[in-house]
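Right after this note come the structures.
In what comes next, chain A is part of two complexes: it sits with chain B in the first one and with chain C in the second one.
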Partner chain A sequence: MNLLFKLQSIDRRILYVLIAVVLAVPLLKRPSKHPDNVFPEVRNAYNVIDSVPKGKIVLLSCSWGAGTKAENEPQLDALMRHMFQKHIKFVVFSWDAAGSEITYQSAKRIQDDMHAKYGVDWAHLGYKTGATNAIISGMGENFQKVMGQDRFGVKLSKLPAVSFVKNYKQIGAVVDITSVSLMGYWISYLTTPKNIPLIYCPTAVMSAGAYQYLDSGQLRGMLNGVMGAVQYETLIGRGHARTDAAATSWALSAAHIFIILLIVLGNLGYLAAKRAGIHTGGPRVG
Partner chain B sequence: MDKSLVNSITIWAAALCTLAIYSVLYKENKFYRFFEHIFIGLYGGYGVYITWHEILYPKWWQPMVGGQWWWIFAAVIGSMFYFMYSSKHAWISRVIFGLFMGFAAGGTFREFYETYWPQMASSMKPIAGTVPNIINVVVFYVILLAAMSYFFFSFEHKSVAIKSTAAAGRWFLMIGFGAMFGATVMGRMTLFIGRLNFLLNQWVPEVQSDIQYPWFQITSLIALLVLIAVGIFYIIRNRRYAKRAKEET
Partner chain C sequence: MHSLNYIPLALASGRYSSLILLAYILGALVIGIAFLAGLMATPPRYRKIVVMLVTFAGGLYFSLEFLLPHNPIYIGKYMIPGSRGVANLANGLTAAKPSVADWAMIIGSFALLLGVSNLFQIHGKAVRKKTPGWYNSLAFFITFFLIMIVGFLKDYKLGFLGSHNAAAFQAGSGNLYNILFNGFVQSLDATMFSLIAFYIVSAAYRAFRVKSAEAALMMGTAGVIMLGLVPVGAWLTNWLPHTGFFASMRLEQITYWLLIWPNMAVQRAIDFGLGIGALAMSLRIWLSLERGSFFDRQL
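== the complex of A and B ==
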């Protein structure tokens, strides 16, 4: 019984260490097995990208930085690999100052891995800031003028990957990879008015708030944090690759089981204390 | 500089920063504070650089010095914001603030229409089709009406029907928030996994490869001695403070 009481007052630092140990095992072992079950929203996202016609481009809007790299980078990775496989041209740009460099480094690594060519298969348009609604709206009207040049200062008209894009008619899909959500701007100023499919790739924290947009058709697909990314990897034929996303998904599952176990043990301790007539914890508020 | 050396320094710096930031999990400390300030400073400085390099220089400065002199007015309009610091000329900043507030308000109207109208329309689902679909739609309506009734403040919830529906609505909302919090735990855990993955699969192999070099052994020894010295200094200082506090009381 004493042990059950103590379960309610374990030093949080011991719990941190235990969590770290639980997470470390799959990260060191790096299993290649991906989940067999793919959520419908992830499959829809795959279908949208897969059906982008020739002569159209995909916009990868990145509003994330170092803080959420672990969640958003696997999403960018999976989507870029799919587009390289299918020879779909795309551009990446960042709304986050530090994210501009981080997304370029990530994209360059994937480009080298897939033997693709910068400027021909894809381009990075650098950092964008200012009135987001005006920039997004302007992209649909005059893409070349609003976006101007890539991150190296090369005019877009000189890059085969993007030189043919004049306005929204050459945009096949928009992907919002984000930790802050620009979804509202995309929906209001480009994707809904011009009937362009929008795919949302948020961090897991934000994903629960996006289902009504999927229900209404304003979003055509979603990659829910790293779990969405690992499911997307299954769809693009990387179901047995030892990727960071796969290791992360295993570590996440292990952590969730561990947290559930702690919740059960903590509640058992609470019930035991209650039965013994011992008051534990603080007063009930509200 | 040698590419592998640059890579090595980068990994060591990243590991040091990661460990410093996570040291707050043990307790609040100066090591953590120091690195937190470094991060904030770096981010601010980098933001200034990249805004000039990728936005202001190509889109404003170059056209202006290249003959499009009228871009100078952008600087004039932009500088109007700074009059907010002058009590005498604050009205100048209010002109530009008013302009931007109007711009934002107009945008909000449009965003509301485009964002919520389709959702309202999609909430009107037909109770038809297959049995699972009908059950799905009925569950949707029950939860929708219950959750909405909870936020119905036009009159007091005295009627049993309204009271119980609102109570059910609160339960549904709690379940929704629980799902959101579950996703939050998943997100936070993923961020930690990202750093742990870096430490285990990049930094540890780097330590294993560096340990053979004499420069690494000497640097590690010096760092260890400095750490021990700092530790001893803090222990002595804390004891002295404790002793002084005891004497004063």
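== the complex of A and C ==
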């Protein structure tokens, strides 16, 4: 009984060390096992990209940074590899300066790994700042004018990957890889009015709020956090590769089990104290 | 990596284009300063009216562009009089969208400058007056200029150093930039976010107590969803068949059902409420009816 009662007051420093170990082990071991099951929204996202017609590009809008890199970078990785495999031209752009640099570094690494050519297979358009709705609706009407040049100052008309894109008619799909959710802007100002498929790639905590858009068809697919990315990797034939997504997904699994175990232990202690008639107002949080 | 002499394209092409660009920049500066001076010279009670009119015009553009029909309206064979003119107006507004986007980006860039100016004022004051923690403000200035200068130098060859030295200098700047950006900025940003993991563990352990039936239901649902979304969850119920009645007992299937039925229904209801609230608030802001720190103060 004493032990159970003590279980609800473990020193938080011990918890911090334990969670650090629980997360570190899978990240260091990097297991290659990918999940066998694939959620329908991930499969739909795959099908959308797979069926982008020739003569159209995919827009990858990236609004993430180093804080959510663990979730968003694997999504970018999986999608880029799929598009390189299928020879689908695409552009990546960001909505802030730091994001532009981070996404370019990530994309370049994937480009080099897939032996793709910058400017021919893909392009990075730097970042745009300002009223998001105006920029999104403007690029749908005149892509070359609004986007102007890539991150190196080269005019888009000089890049084979994107020189043919005039307006929304040459956009085959939009992918929103985000930690701040610009989905509402894309839906309102480009993808729904112009009937362009939108794939949503949020962090896992944001994905629960997107299912109504999937149901209404305003979103055609979704990669929910790193789990969506690892399932997407299964679909593109990387189901046995040692990837960051796979390692992170196992770290996430371990962390979830650890947290559930802690909650159970805490509640066992609480029940034991309650049975013993000891009033526990509840310890302070944190 | 592209090593680039970063020169604006207009300067790089054409003999007189640099002069034309300079003329544009100076002209824009003169007009901007004149406009600002005019605004400051306006009596305060009229300044608010100018701001309200600009706000209204901005909102009106997007409203009209969205709401007005883009094609003439016919009843049978007969076109409603005036609908062609309305359609022409709507199409004109749509054609102006790229220019509006340009303006939006310019204003957004000014907002960046404004933010930087504000930071300089706050931290400059702290350093001047040596308020407690002033050294943090000094660190802000050092790191701001360091990464700005190194960021420019990594993309710009200093021609006066000579070709060989300029290339070496640029490479060195690039390495320093990588240390600062990847080593400091990215690592620190990721660290700040990672602290959340520790706080969540501590909070979950200490605060999540099953004190009622509702709490038990919430806890159970949370546990199912947490496990169902990760590989371990699928592994736990992997012994169940993939098809048939018992397939629906698999953890990932239960998780998916929870997400697409009760969760979706509730999220939809919340979104409707938020949407109506946002509509009301947007209308108030558009019509400058909202009272707050800006509207009540004299400009």
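Simple rule for what comes next: the second predicted complex is superposed on the first by the 280 of 286 C-alpha atoms of A that agree within 3 Å, B and C clash if a C-alpha of one lies under 4 Å from a C-alpha of the other, contacts with A are read in each partner's own complex, and residues count from 1 in each chain.
By definition in this document, a residue touches a chain if its C-beta (ideal position, glycine included) is under 8 Å from a C-beta of that chain, and two chains touch if they have at least 3 such contacts.
All figures in this text were calculated on a predicted structure; none of them were measured in a lab.
Annotation for the three-chain superposition on chain A: chain B and chain C clash. When the two structures are aligned on the shared chain, A:248 is found in touch with chain B, with no touch to chain C. Within the superposed three-chain model, A:27 lies in touch with chain B and out of touch with chain C [touch as defined at top]. Touch criterion met: A:185 reaches chain B, while chain C stays clear of it.
Once the two complexes are overlaid on the shared chain, A:11 sits clear of chain B and of chain C alike. When the shared chain is aligned, chain B comes close enough to touch A:100, but chain C does not.
Within chain A, the residues touching chain B in one complex and chain C in the other are 16, 19-20, 23, 67-70, 98, 101, 128-131, 133, 149, 153, 204, 208-209, 212, 215, 224, 227, 252, 255-256, 259. On the chain A side of its complex with chain B, the touching residues are 13, 16, 19-20, 23-24, 27-28, 30, 67-71, 97-98, 100-101, 126-131, 133, 148-149, 151, 153, 184-185, 187-189, 192-193, 203-209, 212-213, 215-218, 224-227, 244, 247-248, 251-252, 255-256, 259.
Remark: chain C residues 2, 4, 6-9, 62, 94-95, 97-109, 111-112, 181-182, 185-187, 189-190, 192-193, 197-210, 219, 223, 226-227, 229-234, 252, 256, 259-260, 263-264, 267-268, 271 touch chain A in the complex. Residues 25-26, 43, 46-47, 50-51, 54-55, 58-59, 103, 107, 110-111, 113-115, 118-119, 121-122, 176, 179-180, 183-197, 200-201 of chain B are the ones that touch chain A when the two sit in their complex. On the side of chain A, the complex with chain C involves touching residues 8, 10, 12, 15-16, 19-20, 23, 33-37, 39-40, 65-70, 98, 101-102, 105, 128-131, 133-135, 137-142, 145-146, 149, 152-153, 155, 204, 208-209, 211-212, 214-215, 224, 227, 230, 249-250, 252-260, 262-263, 265-267, 270, 282-286.
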